[in-house]
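Here chain A shows up in two complexes: once beside chain B, once beside chain C.
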Partner chain A sequence: MTLVQVVVSGLLLGAIYALFSSGLTLIWGMMNVVNFAHGDFVMLGMYTAVVVWTALGGGPWASVPIAAIVIATLGIASYFLLVRHIMRGPMLAQILGTFGLALFLRYSAFNVFGASFRTLPDTLVGGSFVLGGIRFEGARVLAGGVGLLVTLALHFMLTRTAIGSRMLAVSEDATAAQLMGIRPQRMQALAWGLAGAATGIAGALIATFFYTSPTVGETLAIVAFVTVSLGGFGSVLGALIAGLLIGVVESVAAFEIGPVYKDVIVYALFVLVLWVRPQGLMGKQ
Partner chain B sequence: MVSVSRRTAATAALLAFGLSGSAFAQSTVKVGIIYPLSGNAASAGNYEKMAMEVGAEIINNGNAELAKILPFVSPTGGLPGLKGAKIQLATADNQGTPAAGANQTLRLITQEKVVGVVGAYQSGITETASAVAEKYGIPFVNPESVAANLTERGFKWFFRVTPVAADFAHAYSQFLKEQKAAGKKVDSIAIIHENTEYGNSVSKVISEVFKTDGLNVTQNIAYSANSTDVQPQVLQLKEKNPDVAIFISYTSDAILYTKTMKEQNWKPQILIADDAGFNDPKYVKAMGAEVEGLISRTSFGAGKPGSVPAICDELYKKKTGGDGLDDTSGRGLQGFFVLMDAINRAGSTEPAKIQAALKATDLKQNQMVAGYHGVKFDAKGQNTLASSIVVQMKKGQYVPVWPKANATADLVLPYKGW
Partner chain C sequence: MTGRRILHLLLIAIVLVYPLLAADSPVYGRLGALVLLGAISASAWNIVGGYAGQVSVGHAVFFGIGAYASVTGFVHLGLPPIAGAPVGMLVSVLVAAVIGVPTLRLSGHYFSMATIAVGELVRVLSSTSDFLGGAQGLGGPAMPRSVFDLSFVSATPYYYIFLAVLVALLGLTHWIERGRMGFYLRAIKDSERAARSLGVSAGRYKLYAYMLSGAFTSLAGSLYLCMFGFVDPESGFGILLSVKIVVMAALGGAGQLFGPLVGALILVPLEELSNSYLGGQGAGLTFVVYGAIIVIIARFLPSGLLSLLERRKVVRRAD
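Coming up: the complex of A and B.
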């Protein structure tokens, strides 16, 4: 019974991993840029939830849409003010550019919010409940559920809609897309906005059951990078599958073998998959 | 201008006469203190410095109440054993680096001519600073560095007052045995620790001490402090359901464990947290309400009014403008007093005589600022009577509950949680 509980907890955790990785993979897929500030976008989404709760007393119903708008705006602003310019430079400039953005956001958060750990009351999402002998926590169920919905919605938007086709066209060949009457910059800004919105939603939901601090993005970013490269850079569906896989493997390994070894197991699996499929589970060749 | 300088000269002359007249009766003893006043640990270092300044003021101005308990404090001021000599502090900044620690100690000894040094907070800096003092034959009293190797170097001039991991382990062991005798269930004990030097070494020592004391450690869980998820570990605990759980954690993981234990609705009969993350004011502020009855340790408890720590705490609050003595500054002031006691008994400013007096130190429990059983050094210079106070979380703050001498509230078991 406990093992079933472990697997269920792992699946929920995996859906949350997928949620905060989808923004990272979207930006990579669209423009071949790795956003090293991704973890700090999540962090700011979390602080948005903290501020919404402390200033307005609002739970996730208020903080999720607000965080989505705030981080989407941040994403679009980052694109126009920074990314658009550094994309013309060498690869190293792109890496260091977003890395600089990450440090700027992190230490701005230190300046504004201080180094303290903040937590939201766990009653915000209605505590926990037992179903069929399995214990569920409201906040995680909500985050996991929304995680599934958002990643699937992003996936369908990219693969089944006209705007998705246009975005993919820009990512394949910006000049050709421009000749077809698509404005590449507008599509790329849209990608940063969408990625920001998904990341903001993720942050606001994670804040309901995790601690919030200026450095929390560092801890989360590592998981996001592993999830994205395992799933295949650029594939939202891949991030979802990889997230779920990592969540379950990590939980079961920590329970059965020991928490110190869980990373060994996860990274061994990671190396093995990339050895067989260097493009990741769902990545294109 | 002329009149001013004339007056100054006259005053100076008067002062010089005055001093030389009473020099025999009242001299000054120069003591070095070396702490991180800049760098990462500057906050702790400055609190330590203020604690030493309060200590020097107590000696120099005298304190009628403390004079009744502490032989080195006089009611009117000055060290009684040294003809009322006053203490002068020579302060040095170790800048948070072992090299500066060594250089500054050298300056204190060769230029300031101090008769003893107190410091230096970080274990790594205490190591280099005390090596300089050892070379020059000047007593070095260390109030707070816990690295085990410091007292394993065969030094003759190094004296450590703080408890080390083995002392914490003995305190927990004694505490749990008392609870067992009182009819509480302590048959199975789980130790959950983060897996760097701190967590590994403390958990190892606790396991060893518990084993010799006949306490049954049934689970030992090591984890990484920057984990994103601790549910599997809490489920492991829930499955085995130990009577006692001991956490050795930093702050972020302490918060995650607290939240996850509530989510999974698991609590042991006795929950112990080894200081560190669980004592971080940030943790206490964020999670205090969720861990009612949590047990932890500290080396400082203000205790009852009129006791040495209570009086010192009052004086210290005046100095800092509100902040009371805590685990670090409390141990710091204790270390400073140990040196004062030795100089007072030596009745001399000769380093060798102070060293001999330090070796013969025998301070009792009621003379302690920190919550130790007393101060008595072994051949290696480690205080053998150092120990910890057990505190319990009550309504969002820790209060001393054990041993009885330091307790201000009753121990309430089982652990209540949220």
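Coming up: the complex of A and C.
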């Protein structure tokens, strides 16, 4: 394995990190809500892919859109039933509510699917190939590529379209936005739907190369939190940059120092960045 | 008022004789001690998280320091585990200063995220340390060598030890709450900028609260080790532990003296009884209910269960 190979696989990994963090950063930035159930949303997206494969025999082409719809629905339902009521409360109420939701989802999955790990067949996304001396795994290339595309699409939707401007208006001042004829609740529900869709897509793609289990969300949530804080809350572009950075740092650290220390390096880097630049790489002061 | 006084005396009496009532059942005997241990951890968190409003989601760092200080004292020096408690508290104060000075400058969510990252950092590092027993963890004395090992078959001695610590901690918290520092902390929680403009050195008082909170969380960790005799990176430094501490305090009512105790009284029995009665198989289903209860409380009582009492008080005053 050469360093180039390591960096390339780090970039692919980072694009996936960016994808499943973009939903979290969208909600965080728009509503100032910490979603502790975010990792479990990813987990349910992964199970959707497992179910689509085992019940219907469908690959990512079927499972990605289905997971997007399922998790978007879950996000909108969470918004109307829970988040809408706790978002104006103290931050502790948000932790309490979304952590309760996380346990609820995690153990519902445990009851339905059991504790055992599920994996999709390796051949589902065309094995692996060599290009210019670098080995690529089909599943990771697909996941990384889609991750990059969806994250960029989300970024441009927020910054370049009318609906994006309306969403940002609500996030800056909901009352003022309402006076301009924008319905804040509709925009916030839309944000949860979009975040859910991105998260569902991420889950369905991750399931093609990673094991699926009821508790997998816990690990993924920590990565997402670090990515979002490092990139700056609310900045999808920041999440993309931070995701790629973390992916590369992790891969290089695992290669140069040892796999055990890759997390140590990432967390240490994160704390260091927060110390020097508390608002994250792309965050506004 | 006499009715209230009778109620208070009755509650105190129940707390004091509970182990005797539960003596026949090992499950309920253990449960009493566990509720108190949970209440100690959450009450310690409450000083910085509740009163000062700095939501740390990494308090397992201190819990783990306490547990590991106790167990390493035994493994490497042959000391009774409880001898590690003051060492753990001292180390926790130092670690709190090291973590707190950079992170307490961060506001709101950023502070919470930084504490999560530090917690994970410590957990991963501890699993690579041979001194701390690596990923397998370390065990305390297998057989009690003397009474100082605090190794008892019955849960009753633990119950009274934990009760004494909790009463001391709540007494200290009450004293802080009513003193100058309590006012400073609440002012910082409401608006740090306003507190600063009135001459409160916010940074210093946040750090004091964090160090104090860390020291008592560490004590809870040492007590945990005395009772369970074992700790590994997940049970000592795991993020689930950090979150549970926050949830206990928030469920009862953060920033209120008895809030963490009320939270522990609800969450610990819910978890323990479901584990012992339903075993591994049913545990999934009961955690579904556990999660749902937390969601419902957050949805309808965002300031915790004790806010119900506050509401009644307001109504009474209005009458």
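Note that in this section the second predicted complex is superposed on the first by the 283 of 285 C-alpha atoms of A that agree within 3 Å, B and C clash if a C-alpha of one lies under 4 Å from a C-alpha of the other, contacts with A are read in each partner's own complex, and residues count from 1 in each chain.
The rule is simple: a residue touches a chain if its C-beta (ideal position, glycine included) is under 8 Å from a C-beta of that chain, and two chains touch if they have at least 3 such contacts.
Predicted model, so just to flag it, every value in this text is computed and none were measured.
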| item | value |
| --- | --- |
| First (chain B), second (chain C), both or neither touched by A:102 | second |
| A:79 touches, of chain B and chain C: first, second, both or neither? | neither |
| Which of chain B and chain C A:255 touches, first, second, both or neither | first |
| Touched partner set for A:209, first chain B, second chain C, both or neither | first |
| Partner contacting more residues of chain A (chain B vs chain C) | C |
| First, second, both or neither for A:41, with chain B first and chain C second | neither |
| First (chain B), second (chain C), both or neither touched by A:92 | second |
| Partner chain(s) touched by A:233 [first = chain B, second = chain C, both, neither] | second |
| Partner chain(s) touched by A:53 [first = chain B, second = chain C, both, neither] | neither |
| Touched partner set for A:263, first chain B, second chain C, both or neither | both |
| Chain B/chain C common contact set on chain A | 260, 263 |
| Contacting residues of chain A [partner chain C, same complex] | 28, 32, 34, 36, 81-82, 85-86, 89-97, 99-108, 110-111, 218, 222, 225-226, 228-229, 233, 260-261, 263-264, 267-268, 270-271, 274-275, 278-279 |
| Chain A contact footprint on chain B (complex, rising order) | 195, 221-224, 226-233, 235-236, 238-239, 251-252, 255-256, 259, 262-265, 282-283, 285-287 |
| Of all residues in chain C, those that touch chain A in their complex | 49, 55, 57, 102-103, 105-110, 112-114, 116-118, 120-121, 124-125, 127-128, 239-240, 243, 246-247, 249-251, 254, 283-285, 287-288, 290-299, 302-303 |
| In the complex, chain A residues that touch chain B | 2, 5-6, 9-10, 13, 115-119, 122, 128, 135, 137, 140, 209-211, 213, 216, 219-220, 223, 250-252, 254-255, 258-260, 262-263 |
